[in-house]
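When the chains are written out, they are named A, B and C in that same order, and each has its own residue count from 1.
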Amino acid sequence: MFKRTSAAVPAVSLAVLTALAAAGCGDTGDDESSGGGGSKTLTVFAAASLTETFTALGKTFESAHPGVKVRFNFGGSDSLAQGITQGAPADVFASASPATMKTVTDAGDADGTPQVFTRNRLVIAVPPKNSGKVAKLADLSRSGLKVVLCAPKVPCGAAAKKALAAANVKVEPASEESDVKAVLTKVSLDEADAGLVYRTDAKAAAGKVKAIEFPESAKAVNDYPIVEVKKAPQDALAKQFIQLVLGAQGRAVLTGAGFEAP
Amino acid sequence: MSRSGRPPWFLLLPALAGLAFLVLPLAGLLARAPWSTLGTRLGQGQVLEALRLSLLSATVSTGVCLLLGVPLAWVLARASFPGLRLVRALVTVPLVLPPVVGGVALLLALGRRGLVGEWLDSAFGITLPFTTAAVVLAETFVAMPFLVISVEGALRAADLRYEEAAATLGAGRWTIFRRVTLPLVAPGVAAGAVLCWARALGEFGATITFAGNFPGRTQTMPLAVYLALQDDPQAAIVLSLVLLAVSVAVLAALRDRWVET
Amino acid sequence: MKGLDARLVVRRAAFELDLALAAAPGEVVALLGPNGAGKSTALRALAGLVAMPDGHIRLDGTDLRPLPAERRGVGMVFQDYLLFPHLSVLENVAFGPRCQNAGRRAARRRAAQWLERVGLAEYASARPRALSGGQAQRVALARALAVEPGLLLLDEPLAALDAHTRLEIRAALRRHLAGFEGAAVLVTHDPLDAMVLADRIVVVEDGRLVQEGTPAEVARRPRTDYVARLVGLNLYRGKAEGGTVVIGGTEGEHALDTVDSLSGEVFLAFAPSSVALYRTRPDGSPRNLWRARVAAVERHGDRVRVRLSGPPFDAVADITPASVAELDLSEGSTIWAAVKATETHVYPA
């Protein structure tokens, strides 16, 4: 009877569910932690674009802190922020946009001031054959060219909008995708001739898409802030993890993946 | 009447629990709805645009499902050929396939560089992705199994002897199908069409993957809800409520008129 | 040749039907036989609902066998009538004429006439589920006749009715069949239906014709145990010689006196009511007399049916309830049974 709401209702409760799922993992995922002593679990909520780099940093952290397990909850920054403001038990929050971070600090759920630990900028992603012959940002306004962008509501879309406005390039997109991965899917399948994605995403999809740098991307650089969550169950570990991300090791991993130093 | 009217506790308790489970999320939506600003939010052009597109595409897709699904159900229920079981299993694939995967599959088949899509492009200059037609196709892909299964069940339950009676009265196969078989399974077809329409209306994953998201062209209500959720959860609630109200109204009207008589 | 002339051949895994069947225009032929004998299969073969690998179906000289059901011009009344539940009574009857390309209005007019004829004009707009069994049967008949078929088939047309309405409906059906000008084939397992409705009875057992004749002939001269049981006669097969018939009993042969003078292979029949029972050996006129064991005592209408088992042979006797008390009959007891020679009926096998 209520089948028709299957997209709408779960979508609304998505944030809560992911938060609960993460909490559930933290509680039951590790048998030893339930004993009270022994190992500890650090829970990190991080933007989806940090999946590869943070997973690597998590391993580094675990080997430096024996008995500590790092659990990640990767997702859209907005749903993660919603999870935190609704009480999901996270220790660290790493967001892909200052605006999203602001919802957490405004709700009083951040411990201290968020620090920008890395930055990301846009590139033009084109199919390997580049049959649309795209070379610069202005080419995206060519009629007949199928361009996909992120929706203005999601961070990559906001960044694209900003960059296009700064360059005074008008683009009539074929689609406003819900996230970067969706843009990459369409470009890599050659359904779209070009898309604007983060440099890190293009790098991760190397081989399937070609990345074209453009100077106007400097106008829409994305800052990634990180903060300890106020009610962090693992206060000390949270601080140490943030130090690792901000330190030289963190920087090396991040720049290796295509991020820029702040 | 008195015996059948009062359900025994061992059915009533789980029934109530089941109902509560279905209704609770709805209550959540209603409780969190920004009632004070509802009017102004609804007035925004994009809401009506998405709603119009949703209703249109779900209805057209239901039509396509009927046109293709009823004959398919007939074949599954009546024909016998090697591989019938495999075909029956294939029909249910969209039910178990994650809709996003379904969307990718549609791109690979009907996209600009897809198996059939490439030919459509070169021969007719038709490219489907990012069009309203793609929305309809995506919805049809995920919704058709509901219709096929429902109609196939009805066809299996139907008494074949009515068709024999019609044949002795001089009816050819088309007349039998149109004037006897179809009316006899009409409740099953109606129930299937309603399910199909509801599924199409709520379709998200395959649509956003295959058709993309562009207001007025491919952005249906579920897509609008999902994107609203990114920056304005309250707007998402309003959109969900609109979708809910419209679909409940339509389904209730159809149910009274078709399914129960 | 006018009318129906058919040889029906249908083969199934463990069953074969091979039946020659003819019916003149205006004649009603009843296919009578036990369950599973192939009667309904024969009817379905005539209608084109089962494929015939062999044989022929000629109706007024044209072979129907290669034609699909919808082009045979055969009307059929099904066992539970199969009125289309989604159509009104009138639309049900108009269905056939519509399929014959009559216009909607002409078809309805024809349907209305047929409903009038079966006395159901006022039910034209009713749904079939609102009809009684007898009414539904009449609508089914009207629907079948409305296509003006050359051959009318009726599959157990009275089986779905209760005993109370059956009598009346049977009489009405008889009138309608009498008014039908084509050949009609009726399937029944009820001998009374066959006797009342048919001009000729064809008895089918195990896919084969075993006896054929007018109802009177079949009733008087059954040729199989099945028919004998149906018409309620004791039947034996034997050899006649000079007024005596030697039948094969349960243990060896037994001679019965008759008044016929046939010789050779014969059937011998006598009615259960002609069997007299005695506690002690009766004296007097020469009759067929034997000692029998009572196998069962059953109520049978206003009479009591006594099943006698051999030796010398099995038989059935009908007596009054008063006699039962007088004779002090009980299952397993032994009594004397007698049949007068004049009560037996002998005919060639």
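The working rule: a residue touches a chain if its C-beta (ideal position, glycine included) is under 8 Å from a C-beta of that chain, and two chains touch if they have at least 3 such contacts.
Composition by chain, UniProt nomenclature: A = Molybdate ABC transporter substrate-binding protein; B = Molybdenum transport system permease; C = ABC-type quaternary amine transporter.
Please read all numbers here as calculations on a predicted model, not as lab measurements.
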In contact with chain B and chain C alike are the chains none
Chain with Cα centroid nearest the overall Cα mean is chain B
For the pair chain B and chain C, the C-alpha centroid-to-centroid distance in angstrom is 55
Expressed in whole Å, how far the mean CA point of chain A lies from that of chain B is 33
Rounded to the nearest Å, the gap separating the Cα centres of chain A and chain C is 86
The residues of chain C that touch chain B in their complex are 47-49, 68-76, 78, 82, 84-87, 95-96, 99-100, 143-144, 147, 153
So, in the complex, the side of chain B touching chain A is made of residues 22-23, 25-26, 28-29, 104, 107-108, 111-113, 129-130, 195, 198-199, 201-205, 208-209, 211-215, 218-219, 221-223, 225-233, 236-237, 239-240, 243-244, 247, 251
So, in the complex, the side of chain A touching chain B is made of residues 1-9, 11-15, 76, 78-79, 82, 146, 148, 151, 153-154, 173-178, 182, 185-186, 189-191
Chain C partner, complex, touching residues on chain B are 159, 161-162, 164-172, 175, 179-180, 183-184, 186
